[in-house]
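Both complexes below contain chain A, partnered by chain B and then by chain C.
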Partner chain A sequence: MPKFIALLASGTAQGAIVALAALGFLLIYKATGVVNFAQGDLITLGAYLAVWTTAELGLSWLPGYALAIAAMFVIGVLLERVAYAPLRGRSVHVVVIATLGAALVMRTAIGIWQGTRPKYLTSPVASRVWRVAGAAVALQRVVIVVVTLVVVALVLWVFQRTAVGRQLRAVAADRETARLYGVRVNRLSMAAFGTSAALAGLAGVLIGPLGSVDQNLGFGVMLGGFAAAILGGFGNLIGVVVGGFLLGVTEQVVGGYWVRTYKSALPFVLMILVIAVRPQGLLTRGAGERL
Partner chain B sequence: MSAAERWRASPYMRLAAFMVAVALWREVRVSGLAGENTYNLWLFYATVVVGFWFVFGLAGQFAFSQAAFAGLGGYASNWASRDNSFWVGLVFAVVVCGALAALFALLVRRASHFYFAIATLALGEILHLLFTRWDAFTGGLGGEAIGIRPISINGYVFSTSTRVFWFLLAMLGLALLAGMFLQRSPVLRETIATRDHESVAATLGTPVLRLRVSMFVLGSVVAGVSGAVFVAWKGFATPDAFGLELGIGVFLMLILGGVESLWGPVLGAAFYVYIPQWLHRFSEYKDVIYGGLLVVAVLVVPEGLVGIGRRLYRLRGGPGPPGLAPSLQTAGRGGLRPLRPSRSRSGGDPGGPVVTSEDVRVRFGGVVAVDGVSLSLAREEILGLVGPNGSGKSTFLNALCGVVPASGHVTVDGHRVPLGRPGAIRRFGVLRTYQAPQTYSHLSCLDDVMLSTADRAASGMFVSWLARPVMHRHERERRERALDALERVGLAGLADASVASLPYGQRRLLELARAIAGEPLVLLLDEPSAGLSAAETDEIAALLRSIREDGTALLVVDHKIDFISAIASRVAVLELGALVAVGDVSTIFDDPRVIDAYLGIEEHAG
Partner chain C sequence: MQRRVVLAVVLALAVVLAACGNDNNGKKAKKGAEKSTAAGEVTLGQPLKIVLLAEKKGESPAAIPNFFDGASLAVADLNAKGGVGGHLVDMKTIPAPLDPARAETALLQAFDEKPAGIIGLPASAQVVPLAPKILAGGVPVVLLSAAGTAFRGAQAQGSWAFSIRPRNAGVASDVARFVMDDLKAKKIGLICVNNPFGTTGCDAAEKVVKDKGGQILARRTNEPSATDLTEQVLAMKDADAVIDFNFPNPLGVVANQLVQNGIKAKHADGASSGLAVASGSVKGEAATNLYGVDDCAPTEDQRSVAKDFSAAFKAKNGYDPDYAAAEAYDSVMLLAEATKKARSTEAAKVAAALRTLQYEGLCDPNYKSDSEQILHHQSYFLTFTATGERKVVRRFEVPDPGASSTTTTAG
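Presenting the complex of A and B:
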């Protein structure tokens, strides 16, 4: 039982992070119709920025984290200007290649700036544990789940209840018509990239303290986010969050008992099976046409 | 052009010249072990990227799995050659990579664009995990396999970089040759058609799924073979050699080199291998430069280095590029032949209707777009289908062609046609045209028309490699039929012109020529007169009548009453998805219900 609790806790935390990552690139997907393949490196960059503000600038965690996340927003807007805006209207392939290029630049720039040796990010709850039913759960994981739930609720609220959210939904449904109705598509896509990068920064700040921070930190998280998005049905925000938790718990709990050697492959196998059997996602209704 | 000139201009000659030049350059300019290794590395990368060209450049599939398949080939070959020769390992690598690629492509067959990209990324991760964890397969702790058996032929061991060079060169040459054969075969136009507009390609009879899967398999197998040769050359393998860096590198090489040409991978790989050598002072910034180049390249020169070369060549007065779709020569041929409508099949009643639809229904969510339409079309009849906007005319055609999910019962010539499968009805001799002409701007007019051919013999990948004379014989016949069709619509002079250069009206004619060339038993036309002038409309009307005289039944959707009256013998009227009247042209257009539903506007319009 303690083992199960521990696995469940790490699965939930992992699911939370994955959901957060997925939320980030889904925002961009909604606003622009493009999947940003640089999302993983944005997460890595967020973690490194937090390392820099706390360890090198000597800020305490709260202003340090806040500065890192704010910087990420700016970087997101820059990314939109440099790698996306000039390509609007070009084929999907071209835009994806540009985001790949941006990812490569970011990844290498991080290496030049911070070196390739792993770094460590401090956290106010580092090394503290929460004892529950005989299991010790790192408090950082609890924080991750709580923060994620709050952020998800916030994003959903903005999306469903505010003018910005309505515009975003309009653009997602039909970009041209939305523009004709006066939605400032340009500004919206900048805001989406900025917010998305800030969410990536938040994800980086949250997972950084769990282990070490290195150049590959975000890549796996991004892949998990993709898997969650496919499980939940691309574009379905609630579905994606549920998908994220489902994947995290499946990987940790199933992987904790049975296929331990290959447990990190579980989300990907699950995702390929979902594409094969139910490409519209587990939680989205609709016909099974090509996507 | 004389035979000698044609030979000199031929791509095979260029390939031979390239191979000789690469070998000579090595003799003269490449020295030292490091130099030889870099040269070999270029050939290895070039081959992997030629494989990727099949998947991405030709078939337009966004795959991130190329590097992982190279790794799989390497490890599989190592596993199987431990107690055998290198060749057993190579064959095993081909089988494993081919089987996995086929299985994967079939599993994710409904995924395109982002979904496909993400799925291949996941596949790459799964494979990478296997390489690092499955020691029994990789033959080394954490995938660090050493002592891999070198290549040998009849006891001659390719033990040094110098020797392996010849093997790598042959491998690249073969991959390029395979690509050239494909570029000069029906596979090229069908793959482009599938890539550019899959559902249209399917309704023309193109085996879209088979093409997509086989291109992915081909590219993955080329990667696997390269990987097998690579590890046999190096003598060791590590998972990271086939990791993310190569994965992104493959993209870089193809995009920078040029997606549109088979030479793009070769140039791109040279760039990828040699530029860092020249700029070694900046080696730290290598990937920043590459990443930036990728963004700049897609912005400014999406055609890559090959494209830049061609632009320079044209500036200096050279002829334009052959483009992705080399058109076939319009050779001399006999006079016009009458159409041969598709072979009549057993089971059909010669006096009865050729097409019947019973209770065909299409729903989009809560909207019933086509509400139980039952129609029949007699042999050699032109039936007009009219109705106000949104009455479900086009949707009905789409339902017959399987492009939208529908229920009901459709037979052609007595055979039941499965609904909801694009292309199913094509097999029974039914072709269609679209409201907005769906032609392929990356093809020549002749190639576009040849897409609809009913004779699909000898049009596959293997035939294009192994039985070219047979393929050429069938292609000649198909070409003649296509040229006849072009001549009938008056576009014979434009056979070699690019479809992109045609104005709207001619694209409509081209689409019609394509339909004619398919020798249809039944032709479904969606507003064939839309956007045409009065003179062009008369031309189309005459053409449709002559098609009917050749024995084809026509179902014509249109708005223009006089156009329908001029060609059709019977008319069916749709309103809100349901059939309100069917009958002779004269009775129908006098029917008060029809005037109410559809022609009522005449009172106001005068």
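Presenting the complex of A and C:
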């Protein structure tokens, strides 16, 4: 039983981070129709910015994290201006390639700025453990789950209850019609890139203290986030979050008891199964389109 | 008409004689290239040319400056003393990214330079796909990576490939011996990163543990970017020691999760341990419980050659040298020594000299080529304090599997 609880806690925390990454994908996808492949490097950059604000600027963890996440919002807006806005109206594939290029630029810039040696991101709960029915659960993982649930609730509220959310849904449904109705689609796409980058920064800040921060930190999370977005149907907010948690728990719990050696492949096996059986996603209603 | 014929014959003779004269001069010059001075110094006909295949800071996300900084310092030291064979040493740096296709282009560019030797390719991911080209290259390549799987046995012997890093499987075997003999562990858990470094390390350690009558309690793998190793760590709960061949990030996760789960097993790893502790991600009990390995300890080495190097390196570059900088420095020095021994900058003669050379360097007091042309045969066991300072426990030798030697330890 302690093993099951420990694995379930790990899977839930992993799923939470994947869900944050998937939310970032989804926000940009809804606002612009583009999949942002710089999301993984934005996660890494967020963690490095937090290392910089806490270890080098000497800020304590809360203002340090807040500054890093705010900086990530600005970087997201800049990314929109550089990698998306000039290519608006061009093929989606061109924009996707531009986001890949932006990811490589970011990675190189991190290497020049911070070097390639791993760095450590401080956290007030990094070494603390919560004992549950004989299982040791790192408090950092509990924090990850709680913060993610709060952020997901906030994003859902914005989507469902605010004017910005309604506009975003209108743009996702039909960009041109939304523009004709007076929705400022350009501002909306800037806000979506900024919020998505801030979510990536938050993910980096949350997973950084689990190990050390290096240039590959965000890559695996991005792949998981992409798989979660597909599981959720790439349009359904709740579906994407559920997809993230499902992937994390599948990898840790199923992979913890069976197929241990190949457990990192399990999320993608699940993704392929969903594409084959239910291409519209787990929680999306209506007939799916075969890929 | 007759005059013209005579003139033509005279001119033709003059041209032939001039050509012969040039040839003789050329021969004289070539002979001069290999002559020794009265003081025993070799005078070479042309400068020693070396190509460094490594990236400088900023040339790619993965670039680390240590290789270039170490090799540059070696060239500066040689040239401050007049160079080699009466000429300043000429080192050209070509960036060699991790991407094998671009690394291949860099290697071919290096061959085109027709150097006496090439130093570089710091990642085994570059070396393995390039092995056939290195073997056919016609220039000795001193590899900065432990590419143990690329050149093995008879294929390695007499080839153009040399390695400045100790044999990975040999280090792994020594870590297993250290864990069993020094730490008195019998039940061992293995955690291996899912790549050739982790797999060969765990295979070698498992063999030693079994040969010594120990028990492998569990063997687990993880991805290089893993941030959660709960299952792997829980599988180690009854082990006396965990041997972990991992990258710094997952190594830090293992070290911390062992402590968080109350698992008292000793934890031993390779060179990643020093990087993980230096990053600050492993501290307190997780650090004091950790044992590591490093190829080279130039800042802890008490020999004057190492002290002078460490001081000069820090003064020039602003940071302490590590194994990468020291091995790049030694690689340049080895090529310089081989050139002097060969009395030539001809690649084949330099390679032949490298095979028989013995040299006291920074990282090994007795560099010499073994049955697989690995030049470096020692490493250091390390421990760490709770606040992250490292301490050398002892030096150990990494034996040549082609020789009938056993592991010995030195102070």
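The working rule: the second predicted complex is superposed on the first by the 289 of 291 C-alpha atoms of A that agree within 3 Å, B and C clash if a C-alpha of one lies under 4 Å from a C-alpha of the other, contacts with A are read in each partner's own complex, and residues count from 1 in each chain.
In the analysis below, a residue touches a chain if its C-beta (ideal position, glycine included) is under 8 Å from a C-beta of that chain, and two chains touch if they have at least 3 such contacts.
Here the structure is a predicted model, which means the values were calculated and not measured.
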Room on chain A for both chain B and chain C (clash or fit): clash
Which of chain B and chain C A:F226 touches, first, second, both or neither: first
First (chain B), second (chain C), both or neither touched by A:R107: both
Touched partner set for A:Q252, first chain B, second chain C, both or neither: second
Touched partner set for A:L188, first chain B, second chain C, both or neither: neither
Which superposed partner A:T261 touches (first chain B, second chain C, both, neither): both
Touching partner for A:L87 - first (chain B), second (chain C), both, neither: first
Touched partner set for A:L7, first chain B, second chain C, both or neither: second
Which of chain B and chain C A:I207 touches, first, second, both or neither: second
Listed stretches 3-11, 39-47 or 129-137 of chain C, narrowed to the one that overlaps chain B: 129-137
Shared chain A contacts, counted only where both chain B and chain C touch the same residue: 104, 107-108, 112, 219-220, 261, 264
Touch list for chain C against partner chain A, complex: 57-58, 60-64, 194, 220-221, 223-228, 230-231, 234, 248-250, 252-253, 256-257, 259-262, 275-276, 278-281, 284
Touching residues on chain A, where the partner in the complex is chain C: 3, 6-7, 9-10, 13-14, 104, 107-108, 110-112, 115-120, 126-127, 129, 136, 138, 141, 207, 210-217, 219-220, 252, 255-256, 260-261, 263-264
Chain B-facing residues of chain A, complex: 35, 37, 82-83, 86-87, 90, 92-94, 96-98, 100-109, 112, 219-220, 223, 226-227, 230, 234, 261-262, 264-265, 268-269, 271-273, 275-276, 279, 287-291
Of all residues in chain B, those that touch chain A in their complex: 60, 62, 104, 107-108, 110-115, 117-119, 121-123, 125-126, 129-130, 133, 198, 244, 248, 251, 255, 284-288, 290-295, 298-299, 302, 405
